[in-house]
Every structure is written in C-alpha cells, then in structure tokens.
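You will see chain A twice below: alongside chain B first, and alongside chain C after that.
This part shows the complex of A and B:
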C-alpha cells in the first residue's frame, strides 16, 4: 500500500509543475488523434524511447551520480533477445521482453560488481570499454547474425499485437507510451524510496554515506540494474519497431552518449530532466536534419546548430535545462 | 443558338487548353535517400548530382542525346509530367533513414523511393517500402542479401557483390594466364598469400563472405580476412595484422574516409604487396583520388564506370560531358549508377502510364532497357521476377579499373577488366609508394 502511495505521490512538486505535466500527459495521450505528419509520429516515438532510456540512465547517472557511458550494450541485449527469440522460436514480444530485461539485469550484476570498484572518470571509461567489447563480440558472433545483424521477417497476419508488428505507427506509439508511463511512475517511487535516498547520499559524499551504514557498493549495483532494465525494455521495443537490428545501431558508443546526453541536458537527478532533454534534442535532431540536411550549400548546417545549442546549454548551466528552470524560479523568489 | 454553342465550345476548348499545361505540369515525386553528411558524404553528393542530371534530361527534351528519356520533356505517357526528386540526408543512419522513408511516403506522398547507398541503410528502407507497398529502386547498394528477401517492391539496378567478386577472381585467373594487357603469364602462386579487410556493416561483411567463399571454391583461399569499423580513427593494428603474412594480394572493402585511412596506413607501414584491389565505394570516390593524389597510382578498384567508357560508348561520353559541365567532375561509379537508376525510374513511369503502385510494380517487373540506352557498360536493365534473386537486374556487369598516372601527370581510372575492353596496360606488380 505504501509503495502504491509513493508511486502516485507527486505532492512535493509545485502546482505549476503538475499542471504542465498533466497537460503534457494529455497531449501525449491524444497526439495520434490530432492532425500530424508521419515524420512527427516517428519523432514522437523516438522522443518516448529516449525519455525511457533517459529515465533509466537517471537512476544511476542522475540520482547516483555515476556517469555511465555504456548503456547501449543493454539496449543491444534487449533488442537481440527479442529478435533472436522471435526469429528462431517465434516467441511473442511480450514473452521475450521480460526475458531480455532479465538477461540484461543479470549481465549488469556480473559487470556492476567489479565496475563499481571504480569511481569518477575511471568508472565512465570502464563502462565505455565493456560496452564496446560486447559490441565487438556481437559483431563476430554468427548466432546473432554477426555484424550484419538480424532482420525480423514481416508477418502475414499484420497487425499482430503479440509480435508487435503493425503497419501504422500509432500502435507502436501507444505501446511505447505505456512503457513511458510505467517508467515515469516507477521512477517517482524510486526517487522517494530507501535506495533513492541512499543514492543521493552517496552522490553527495560517499564516505559519509558509508559511515551512516549504507552499503554504497551494493546500492550502486542495484541502481545500475534498475537502469539496465529500463534500457533493455526499450531495446526490445526497438527491435520490433525497426524490424532490423545491428550491433552498430543498437550497441554503438553514439547511442550510449546520446542516452547520457539527453538526461544530462534535460537535468540529471530530476524526475522531469530526461523527458525535457529528449523533448528538446530528438525533435531538434530530426527536424533540423530534414529541413537543412539535404539542401545543397546547407549540408551539415543542422549538425552545427545542434552542437552549438548543446555547447551553449552545457556552458551556461551544467545542471541542464531543469537547472535553468530552477535558477529562474529561485531568482524570482528572491 | 449556334453562336451560343460556338461560344460554349470555345470556352470548353480554351478551358481544356489552359487546363492541359496545369495537368502537364503535374509533378511526379520520387523520394531519394542519400548520405549527404557523415563519412560517405562525398559519395552522397556524387549520387545526388548523378540523379539530378538524369532528372534534368528527363524533364527537358535533349534530342542531341541518343537515349529515350531525352526525347521528350517529362514523362510522355503521363501527359509530359515532370519528375521531381525530394532528396533527404540519412547520414548513414538506418533508423533515421527509415523515419525519413516514412515521411517521404506518408507526408510527401512520393510515388516511389530511390537510395540509399549503404547496404545497411537500404535494408531498413526497403523494409519500410515493402510494408507500405511503395516501389523502391536501389542504385548502388551491393550486398547480395538485399535481393534475397523475396520483396515485391524492391528492385536493384546495380550488379551485386557476388558478381563483382566473381569478376575479381576471373581477373586474377586471367592475369596469371597472361590475358591482362601488358603482363605476361606467371605462376599463380605469385599472387599468394591473399589477405582481405572489409568494413563490418551489412555491405562489408557480405563482401568478406563472398571473397572467402568464392576464393575457397576456386582453390585460391584467403589466408587472413578481418573486419574493421568504418568509423575507426586508426587502422594501424589492423594493417599490422594484415601485413604479418607478407601478403602478395590485398583486397579491401571500405566506405569513404576509412578507405583513405587504410591506404595511408599501408603507405606509412611500408606495405609491399603486388596487387591492391578495392571493392568500389571508398576506393572510387573522388575524395579518394583528391586526398591521396599520386599514392593511388597502381591501385585497382572494381567499378561500373570510368570516363574511359566514353571511348567505347558514345552516350556515356555525351552524358559525361553534361555532368562535367554541371559539376566540374567526371562521372564516377556512384554518379553513373544514380543516373542509371533515375533513368530506370523514368522508363518505369513511361511504361506504366500511371503513378499507381500496382501499375509501377507491373511495369518494373516487365521493363527492358537496352544496352545502347545506358551510360554504364551493362547488357541492359531487366529485373529478375523468379528465382532466388528477385528484383535484381540480371543484365548488369562489373569492371575493374586501375588508377594510372598519365604522361600529363593526371590520374585516370583505366579499364583493365573485362580484358577485351582494356584501355591501358596493367601496372603489375604494384610499384609501391
């Protein structure tokens, strides 16, 4: 009962935040009913995917303060579990989803134990290294298609909810929106839970945390596993949504960095941060590319604008967009 | 009464005449996906320029050109409708390309798609085209697996890597038998050991497979083969492993920047092979030549086009002239193939006389473009409708070219294979750097 109460308890947020969040939630629910282009739909799906990635990353990276740059390996584990099970044994998505999450979490425990002996930059570098090693293994492993990856064959009985194969994107939209809300409520519980407080304490001062009796090593491993479960779930979804996966697009360093970047840009360690980060970066990335990307003379302009905005935010407010909002509020109060 | 009728008829005729240009000016939109930024940006621009030149020829009558698409302005069977390309940059990213393909199909309402260069990207885009039942013509992705899916909405004009790799081994075989211009027969063992390095996405991994399998079947096995990341900032360790068995023949498949880096690293490590061959792509992009200059002298690449083709095909020389006037460059394998695919689109539209997907599908399956129409030295364009390679152009052939420095100091890609088309003596063995 206490758990349920905490899950839906947003009372520590100002009313304005909750009104905005409510309006956004309503917008997300009715978005497919509004007139929209298919590119906008694809962008919204990506926004939701990256929001959930970011929420996961936020547990260990934001609340726990451990900069993890190897999340893509778990996207890969989720995606490959679903794809392999679907192609080889016709296992439905809804069965392979929890299996993929479990495998990823298992792997995260194996890695987490030695990785969290490291701190700061050493930890970040180690996460990159292990992720890239796993990617290399997948690229050479013929059972999972090697570097060429796997392609989920189109089913004749489309639309298929069991196997998550649809022609229209709005079905995918509602599936990922469901994951998004589950993730959001879970993180709301997480931040108010015992482990949530422990992590923030570790982030502020690990020695003090230990002196208070917190098992810092174990707390970090647990948070890392939670982050992993989120990322792997979206990975499974990615496999079905894209029909095609390769180590290069599911396990690349680019993806790991993008996941961390969205959460950091939005505001690491806050509930709304990863969502804000994804809401800013995903549409910007897609639309700038579509507008300028192919025009002669403007080729590459989208990437310049994109990187400039990231640099400006990073330079003026390292706490991200949420930090900017908080600062504005404080200055108004004073 | 008669006067009234006359006025009415005149108004009707006038309305028709006025309406006709509006109808004729209708545009047929084709969505095009190319990598215009990222590691393969130079090739992407080549592809775009090739496709745009073809559209210029399709939309404006150029009777001086001896090809069907130049005869009329626009697509005659569709009332002279003009073709318009809507070009998007996929940055070499399969996910982005799939989203852009959906945008082109659903938002821009294109009648068909073309692209996407990287085989890995074409794989996702062709799956989108298949899902939506929209025809897609692929011009330059050569992974054999792309036409093994049994897709009903995907056609490929370029020959694929099985053909190209067979050509390579035919060439090696002929070379040892003294068939190459300017080289006497020698012991085949001189070409051993063979090593290969391919980039490790869909395309390179398939080339790697083809090189190994065909080599094994022909009893000239590859001693060492490795895959590398095209985005790798450094290839020293890869080159070190490649040079360990002291290779005589080195085979490569690289996209853009990585092909250049590979040759630079080979040079810095003082590699001394007798023969270097690249599987097109990065090895025949204009960037490869401009970045490496004289260092490419003697390097072989498979290709589908060289300006030298103009010596044997009049139409190739004519189109190359137009391309050079437009861009300042000669046509390359990429631009020539984009041109040919766009030309194929025009033939399909002309034959279909409609922009309905089913009509286009039927036309694509029935089309036959003769060799005289093409700027590439193929036997024509005709797509397989049965067998294991559905949608593949059955009449495509490959060539092998060699970069050679002429007396004027200019580097040209001379045709070496097919031996009967050779435009220069083969430089063998490779002279080193």
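This part shows the complex of A and C:
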C-alpha cells in the first residue's frame, strides 16, 4: 500500500508542473485522433521510445551520476531475443519481452560487477568498449543473422496483438504509450525509494555515502540493472515495430550516446528531464534530417546543427533544459 | 602451406604490427598529454587524426605534392585546431561537471565528423602515388616490409623523442609538467596555467595530426575513420598509463601487435591444425581485441603499465 501511494505521489512538484504534465498526458492520449501525417506519427512513436530509453538511463546516469555510454548493447539483447524467439519458435511478444529483459539484466549483473570498480571517465569509456565487443560478436554470429540482421516475417492474421503486428501505426503508438506510463510511474517510485536516495548520495560524494554505510558498489549495480530492464523492453518493442533489426542500428555507439544525450539535454537526475530532452531532440533530428537530407550536397548539415546545440548546452548549462527552468524560477522568486 | 610460408606470414604480421604500433603510440601521445595536464577525455581525438589525414591527402591531390610535404602543414593545422578548441569550447567545459566534458567533446566529435562529411563527401580516399607509396623491400624469404609503414614508424619515433625533449628539457615543458602535477601550486609559482592548458591542447593536436598525415600514406581516409582511432588511442593510453609519455610509446607497440593478432593466429592454427577459429574467422574480431584489452586493463590494473595518475 505504501508503495502504491508513493508511486502516484507527485506532491513535491509545484502545481503548474502538474497542470502542464496533465495537459501533455491528455495530448499524448488523444494524439492519434487528431489529424496527423504518418511521418508525425512515426516521430511520436520514436519520441516515446527515446523517452523510455532516457528514463532508464536516468536511473544510473542521472540519479547515480555514472555516465553510461553502452546502453545500446541491451537494446540489442532485448531486440534480438524477441526477434529470434518469434522467428524460430513462434513465441509471442508478451512472452519474449520479459525473457529479453531477464537476459539483459543478467548480462548487466555480470558486466556491472567489474565495471563499477571504475569511476568517471574510465567507467564511461569501458562501457563503450564492452558494448562494441558485443556488437562485433553479434555481427559475426550466424545464429542471429550476422551483420545482415534478422527479418521478422509478416503473419497472415495481421492485426495480432499477441505478436504485436499491426498495419496501422496507432496500435504501436498505444502499446509504447502504455510502456511510457508504466515507466514514468516506476521512476516516480524509484526517485522516492531507498535506492533513489542512496544513489543521489553516491553522486554527491561517494566516500561520504560509504561512510554512512551505503554499499555503493551494490547500489550502482542495482540501478544499472533497472536501467537495463527499461532499455531492453523498448528494444523488444523496436524489433516488432521495425520488423527488421541489424547490429548497426540496434547496438551502435550512436544509439548509446543518443540515449544518454536525450536525458542530459533535458536534465539528468530529474523526473521530467528525459521526456523534455526526447521531445526536443527527436522531432528536431527527424525534421532537420528530412529537410536537409532531401537536398543534394547538404548531407551532414543537420548533424552539424545538432552537435552545435550539444556543445552549447554542455558548455553553458550542463544541467540541461530542466536546469534552465529551475534557474529561471529561482531568479523570479528572488 | 609449408612451414616457411607460415612463418614468413607471421613475421610479416609482426613487423607490420610493430611499425603500425609506433604510429598508434603517436596517436595516443596527444590524448595522454591532454589527459595528464587537465583530466579531460577528448572524444574528438580521432577526428583530429582524420583532419591530419585530410591535410596529407589534400597536399597530395590539391597541390600535387608528395604526401610527406603534408607533415608540416598537418602540424600547423593540428596546433591551430587544438588551441582553437581549447579557447572556443574546452575552457567552458572545465567549469562544469564531468558529464558536461564528456558530452562537450562528444559534440565536438560529431561536429568535426559531419563538417568533413559536408566538405569532403563520404567516399573513402587514399593516396596512390608518392615517394614511398607502393614501394617495399624484402627482408628475408617472403617477409615484405612496406616502406610507408616503416617510414611512418621511424617518423613517429622521432616525434616521440622531440616531445620527450620538449617536456623534460625546456622551460615550457617543465611548466607543463608542473601544471599537470598541481595546477593551483603552479599558478602560485607564476605559471600561466590557462596558457599551459591551451598549449597542451595545441601539442596534442599537433602530434595526432602528424600521425594522421603519416597514416594516410597507407590507410584510406573517410569522415568516419575517427571513432576506431579514438578507441585505439583510449586503449593505448589506458595500457601505458594515463599521462605517461614512454608508456604511450610502449603500449602503442602492444596495441599494434594486438591488431595484427589474426594473421599470426592464422599461422599458428594452420600450423597446429586446431579446428577452432581458423582461416579468417578471427579477422572479424580484429578490433574487439583492442576493446577487450581496454576493459581488462581498466579493471585489473587501472594505473596502466607506467601510469602515475588515475
């Protein structure tokens, strides 16, 4: 009961925040009923996917302060588990989703134990290295299709909720929206839980945290596992949504960094940060890409603009957009 | 295959590994200097290398000169790039938390890579003519040494000697070392630490751009070449110890050998007739060894072989 109460307890936010959040939630719920292009729908689905990725990353990277740049390997594990099980053994999505999450979490425990002996830059680079090794293995492994990846065959009984195969995008939209709300309420519980406070203490000063009796190493491994579960779940969804997965788009370093970047741009270590970050970056990336990519000779210009924004944010407001909002509020109060 | 050809194949891989290892050492040198002085990891390091490679390529294709004339040009461009990045970006990043430094230099990496993509296009390009290109000499039966790689190795050694002399025998080098050991104390002693930081970035940019100009003689360049070299440089620096110059040279050799492990392994497995991972299967994991080596070194001995700072 106590747990349930904390899950739905948003009372520490000001009322304006809650009104905005409610309006956004309502908009998300009715978005498919509004007139929209299919490109806008695809962008919205991507926005929701990256929000959940970012929420996951936020547990270890935001609240825990451990910059993890290897999350894509768990996206890959989730996506490949679902795809392999669906192709070879006809296992429904809703069965392979928890199995994929469990495999990814198991792998994260194996990796987390040595990884969290490292700190700061060393941890960040080591996560990149490990994730690239796993990608190389998947590219060479013929059981999962090698570098060409896997293709999930279309079923004859097409609108299949069990196997998550639909012709219309709005079914996918509501599935990922469901995951999004589950994730949001979980993180709301997480930030007020014992481990949430422990992580914030570790982020501020690890030595002090240890002297208070917190097992820092174990707390970080647990948070890493939580982050992994989020990311692997969306990975499974990604496999069903795209039908076609390959190591290059599910396990690349670019995806890992994008995940971390969304959370950081919005504001790492806050509940709304990853959502704001995804809401800004995903549409910008898609529309800039579509806009400049169509014009010959301008390849790369969208990413130049995008990287400039990253540099400016990193240099002048490392707490991200949420940090900017808090600062504005504080200055208005004084 | 006879024993002789296998042996020759392994020896060739060994020589190639050692000469390329010198260049890898030079690539890592810049990273280790920057890291030693101000504790910041430069993700754009491989992109600096890419720019050095394009300097060599453009002297060849634009001016029609031998790619070796690209070396001084690359040195100047690298220095300007390093100092420019410091004053334009890094000095702001240093005020923020570590996460800001990671993403700031990551943004720089994306920026430089896509700028190169916009200007130069995505096709890989190589150098096809030149004083050294395509020439080789035979050292024993079947062991062919490519002149480009050998010259690159020798030039890298010279560059190492020059940097070692600069760091240990000149006033500016001593000031740099002092800044690395204790920035605040160095400031009290009247050393302009801001300028020293900028100088460290300039020096790092110079060494890595020179390495790029050497590398372009035998490695085709495209805008995405950087990430691989960034990872190689991270591994080399971790192995040698963060901040150690002789460590970078020595670790470069080891990484060069690691990358040439698959041909050596082919020789061994064909010789001993083991059924596992024969004939080319190892080649897919060429770079995995480098990444794995980084992970193992960091976990088992974070100080590296010669490190004093971690």
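A few comments on the model shown:
To be clear about the criterion, the second predicted complex is superposed on the first by the 328 of 334 C-alpha atoms of A that agree within 3 Å, B and C clash if a C-alpha of one lies under 4 Å from a C-alpha of the other, contacts with A are read in each partner's own complex, and residues count from 1 in each chain.
The working rule: a residue touches a chain if its C-beta (ideal position, glycine included) is under 8 Å from a C-beta of that chain, and two chains touch if they have at least 3 such contacts.
The structure presented is a predicted model; accordingly, all values stated were derived computationally and were not measured.
Three-chain overlay on chain A, with chain B and chain C in a clash. Legend: residue contacts after superposition of the two complexes on their common chain; A:125 is shown touching chain C, with no touch to chain B. After overlaying the two complexes on the shared chain, residue contacts for A:149 are found with chain B alone; chain C is out of touch. Looking at the shared chain after the overlay, A:139 reaches both chain B and chain C.
In the superposition on chain A, A:242 contacts chain B only, with no contact to chain C. In the superposed pair of complexes, A:169 makes contact with chain B only, with no contact to chain C. Taking chain A as the reference chain, the count of touched residues is higher for C when chain B and chain C are set side by side.
Contacts of A:46 after superposition: chain B is touched, whereas chain C is not reached.
When the two complexes are overlaid on their common chain A, residue A:8 makes contact with neither chain B nor chain C. Touch criterion met: A:289 reaches chain B, while chain C stays clear of it. Contacts of chain A with chain B, set against its contacts with chain C after fitting on chain A, overlap at residues 139-140, 299-300, 303.
By the touch rule above, chain A contacts chain C in their complex via residues 61, 65, 67, 69, 114-115, 117-118, 120-122, 124-126, 128-130, 132-133, 136-137, 139-140, 253, 257, 260-261, 264, 268, 298-301, 303-304, 306-311, 313-316, 318. Within the complex, the chain C residues that touch chain A are 41, 89, 92-93, 96-104, 106-111, 113-115, 117-118, 122, 223, 227, 231, 234-235, 238, 281, 284-285, 287-288, 291-292, 294-295, 298-299, 302, 310.
Touching chain A in their complex are the following residues of chain B: 34, 36-37, 41, 45, 48, 87-89, 91, 93-96, 98-100, 102-103, 105-107, 120, 123-124, 127, 130-132, 143, 145, 149, 200-202, 204-206, 227.
Of all residues in chain A, only 37-39, 41-43, 46, 139-140, 146-149, 151, 154, 167, 169, 242-244, 246, 248-249, 286, 289-290, 293-294, 296, 299-300, 302-303 touch chain B in the complex they form.
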